[in-house]
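Next up: some structures, all given as structure tokens.
The same subunit A turns up in both complexes below, where it pairs with subunit B and then with subunit C.
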Partner chain A sequence: MEQENTYRLRIPSRTENLEIIREFVSKIARNAGFSEEDVGKIQLAVDEACTNVVKHAYDGDTQKPIDVAVRLDYDRLTIVVTDEGKGFDPKAVEISDIAEYLAELRVGGLGIYLIRSLMDEVEYSIQPGVRNQVRMVKYFGGSPERPPLSPRSRRAQK
Partner chain B sequence: MSGFEIRRKDDGCVSTLYIKGFLDAHTAPQLERSLQELVNEGRFRIVVNFSELSYISSAGLGVFMGFIETVRKNQGDIKLSNMPPKIYRVFDLLGFPLIYEIYEDERQAQEKFAGSGTSSVEDGR
Partner chain C sequence: MPGTATLSREVMVLRPQGELDVQTSQPLREQIQDSLRRGNTRLVVDLSEVTYVDSSALGVLVTGLKQARKANGCLKLCGLRGNVLRVFELTRLTKFFEIYETAEQAIKSF
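Take a look at the complex of A and B:
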């Protein structure tokens, strides 16, 4: 367990699999000692990232894979969602002012905005047709500056 | 497997949808169909009761965005009620309380329609 702290799930790119992905990620986050509120944030962020893959990466091809990797470190949980689809420009769908955006009754891009709001760090690496990744980090205790806590004291703190 | 269910209750000119379970990109089309049915029937005064909703993602939120314009153009509204705190937090993160009236109880939302005559309600918060 100590030498391997990454959990992997490869699953076909279909909306019906979102639930399995959420369960997978939630169980790991919960066991690691995150609060229910944080578990909720993590599973929603991962759902949004995977929904984007299902909706946009493969033009509806439900045979193609989504890879979800969850890595547990002493101070953080890192989730990497990878696809081999057509990719996108994260800057092009960035919402700078949510109130203004909503006033226009637009919808696309809300997922990406949510991921940014829910996670402590978010990074995209896009290589269309080769490997597109979104890497999301959640720190225990919410802040990277906090001193590391053991899993037991993490639980006690929540 | 957890799922998603919708129940509908019509009371006079107000229709209430009770949504239950998990509302994500997989189940959002069900909600879309229910709202489309109401619109097709000319029922534009809609309350959505969230009390039994366990989960919502942006795909679910997007459904409301897809209908609000049509509904308001027809002197109606989509009012939301009985939102569990966990669900409200997602709405709040996205600034949805700026656009939608959210009530603690469905009766408040229904009464708001009753008191609105035929005009639309824009500022009942």
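Take a look at the complex of A and C:
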């Protein structure tokens, strides 16, 4: 990520810090012009990614860091959550059929499902003990299929 | 999560407030467990003053529903709005919970 459009937060991996992370991300998203509905989606997706780090990455070590980087581009907001913990296999916790899953009233893995449902693009890069990242993208205007607007035309639309 | 718990016509109504995440949903989990232990198995969770829920909070409610059913009771919801309602719709939990507009309607449904 380049510096000039990027906001960074490094914070200890603790549950009480989740609120600070939500505030950080939602303020940037709101200032960037996302609707309140999209701001809600973005903050929940980031919260879920960071909750996974707090609960699973460091075996409860609250001194270890979570890095949150938010980059603003003309057509999208990209958030990268990074930890140096033990990592996980996102495919192993993927929910293929939410109706079937909930029929059994299970709950684990719901966070990963939510992240996928809330954001336009989600990618995991897992290197256990070195660097685990989840990269999440939300496009302005809602649809990733939509051709991106040039910076000039986006300004003109405002 | 400051909130209240009121017993009304043999229905325990829990009213959490503010944001419910992995940490702040724990008092609600305890209130639900405590109610069930005391034999109050008819529960209503009024979410009208809750502004945010994550998957941990959903887990607390789903677990509560499961346990209440096991004890021949039920856990019903009311007052969902805005982002909170959207999360329930997104996860299709609207199909698994009985959801009412107001606590009064939820209480009457038992």
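Throughout what follows, the second predicted complex is superposed on the first by the 141 of 158 C-alpha atoms of A that agree within 3 Å, B and C clash if a C-alpha of one lies under 4 Å from a C-alpha of the other, contacts with A are read in each partner's own complex, and residues count from 1 in each chain.
Criterion: a residue touches a chain if its C-beta (ideal position, glycine included) is under 8 Å from a C-beta of that chain, and two chains touch if they have at least 3 such contacts.
Since the structure is predicted, the reported quantities are computational estimates derived from the model, not experimental observations.
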| query | Between subunit B (first) and subunit C (second), which, if any, makes contact with A:A69: first, second, both or neither? | reply | neither
| message | Taking the superposition on A as described, I'd like to know which of subunit B and subunit C A:I126 touches: first, second, both or neither. | response | neither
| First (subunit B), second (subunit C), both or neither touched by A:L44 | both
| Overlap of the subunit B and subunit C footprints on subunit A, listed as residue numbers | 15-16, 18-19, 22, 37, 40, 44, 47-48, 51, 54-55, 98-99, 102, 105, 107, 110-111, 113-114, 117-118
| said: Touching residues of subunit A toward subunit B in the complex: what are they? | reply: 15-16, 18-19, 22, 37, 40, 44, 47-48, 51, 54-55, 98-99, 102-103, 105-107, 110-111, 113-114, 117-118
| field | Residues of subunit C that touch subunit A when the two form their complex | value | 19, 21-23, 52, 54-56, 58-59, 62-63, 65-66, 82-83, 86-87, 90-93, 95-96
| Where on subunit B does subunit A make contact in their complex? | 1-2, 22, 24-26, 55, 57-59, 61-62, 65-66, 68-69, 86, 90, 93-96, 98-99
| Which subunit A residues qualify as touching subunit C in the complex? | 15-16, 18-19, 22, 36-37, 40-41, 43-44, 47-48, 51, 54-55, 98-99, 102, 105, 107-108, 110-111, 113-114, 117-118
